[in-house]
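Below, chain A partners chain B and then partners chain C, in two separate complexes.
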Partner chain A sequence: MSNSKTLTFAFMDPPFESERTVTFFRLLDAALEKNANVRVFAYEGAVALSFSKQAPHGNAVHGLNREEEAHPLSKDWVAALQQKATGKGLTFEWINCGLCVDERGVNDVIDGCGRGGPPDLWRYASKAFNTLTIGTR
Partner chain B sequence: MSDYLFIQSQDPFTEVRTEHQFALAGQLYDAGHNVRLLLVQNGVTPAHKGARSVHFDKLLKWGVPVLADNFSLKQRQILEKDLKENIASSSLDTVIDALLDGEKVIWN
Partner chain C sequence: MKALQVIDQAFRTTTEEQDDTILWLTQSMRGAGGHLTVLLSGHAVYYATQHQTQPALTIAGWAQTQPANLPRDIGNLLHSGVPVFAVTEDLEERGLDRQILLDGVQAVSRQGLVNLYESVDQIWQW
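Our next item is the complex of A and B:
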């Protein structure tokens, strides 16, 4: 791990549902821009953010094919942040709550995302310089 | 004395709980703590000139520093000149700076 401070984020919103998801990813990007190591504990619907079988689609209503629609996928945003962290010599760790994963059947995740449970959130928060929890309500 | 940054994503026109969120921020400020608000998402709506939110406007009147996320403003076509006095536009860097400074950062 680099000598930078580490920030932990806990997030529970699923992909493609809420504006909070966009704000959450903006925060992660801003943290890396500020040279902070990032740890994410994803629970409830947020465990689907790193689901590897997400697929882009076209938009027949607007007459756009898949490439033209360029539908954003959260798994790609996670991967982009992983790459950004690597490029800056920072760490970017991501753990999904295992129970939440099983409930939703989203076991297939992109490389670099792991499976864990509430003790990992405790470990993340205990060892981080600071923690932000983004609740749904 | 502690430093608090409240990230206010909920707006007072659709979320009744914001009354209590603003009240907590006001009470902490009144007790001598350093309190700031960063408005994001629909939380920026009471920042618009002409928007009336008793509890939010009270914080402004007391002098609680209020910032508004420029991305959220842009999404809603709210220009800086449309903001009430004493509200400045900002970026999410404010959140990261606060976290890295050890402030208590709370998402509403």
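Our next item is the complex of A and C:
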């Protein structure tokens, strides 16, 4: 791990339901931009953010095919943040709550995202400069 | 490191998860050695006044057998050394009497929150 500060984030919202999800990803991006190492604990619906079987689709209402629509996928945002962290010599860790994954059947996650549980959140938070929790509403 | 778990959103998936997810998270982290305190505020103060399990869900021929048991979960937290507080004014605004709080749950005024917040290293607002 680099000498940069480490921030821990705990997030609960699933993809495609709330603007909090977008804000959460923008915060992660901003943290990396400011050279912070980032650790994420995805809880409840947030475990679907890194689900590898997310797929883009066309949009007939928009009159766009799949390629033209270029639909946002949260797994791609996670991957982009991983790449950004690597490029800056920072760490970007992501752990999904395993029981939450099982409930939702979203076991297939992109590379670099792991499975864990609440002790990982405590471990993350204990070693972080600070922790931001964003619950569902 | 000490963390204060502020639970403001009540009955959020308690039917599906058969518990409150933050109470569960707190109990799990306590088992991992975490030093935690729970503050029930807003609608979550109802948790401090629950004395029975939540109603069991039935959908068509499916019947729930293990509905959320919040008194048990709060009792387990207290037993494991996690202090649980409820905001007095939030109880009063909802017509809830302090006298019916679960055993061990402490009422704290909004003014008293200052000391509670200053007693921990991190505050996690859920």
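To be clear about the criterion, the second predicted complex is superposed on the first by the 137 of 137 C-alpha atoms of A that agree within 3 Å, B and C clash if a C-alpha of one lies under 4 Å from a C-alpha of the other, contacts with A are read in each partner's own complex, and residues count from 1 in each chain.
Note that a contact is a pair of C-beta atoms (placed from the backbone, for glycine too) under 8 Å apart; a residue touches a chain by one contact, two chains touch by 3 or more.
If you're wondering where the values come from, they're calculated on a predicted model, not measured in any experiment.
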Clash or fit (per the criteria above) of chain B with chain C on chain A: fit
Which superposed partner A:67 touches (first chain B, second chain C, both, neither): neither
Chain C, chain A and chain B - angle at the middle CA centre, rounded to the nearest 10 degrees: 60
First, second, both or neither for A:19, with chain B first and chain C second: first
Which of chain B and chain C A:111 touches, first, second, both or neither: neither
Partner chain(s) touched by A:27 [first = chain B, second = chain C, both, neither]: first
Contacts of A:5 with chain B and chain C, given as first, second, both or neither: first
Touching partner for A:130 - first (chain B), second (chain C), both, neither: both
Superposition-derived minimum Cα distance between chain C and chain B (Å): 6
Chain C-contacting residues of chain A that also contact chain B: 130, 133, 135, 137
Residue numbers on chain C that touch chain A, as the complex places them: 1, 3, 9, 12-13, 21-22, 25, 28-29, 31-34, 122, 124-126
List of chain A residues in touch with chain B within their complex: 5, 7, 19-20, 23, 26-27, 30-31, 33-34, 36, 129-130, 132-135, 137
Contacting residues of chain A [partner chain C, same complex]: 10, 12, 43-44, 117-119, 121-123, 125-126, 130-131, 133, 135-137
Residues of chain B touching chain A in the complex: 9, 17, 40-42, 71, 91-93, 95-97, 99-100, 102-103, 105, 107
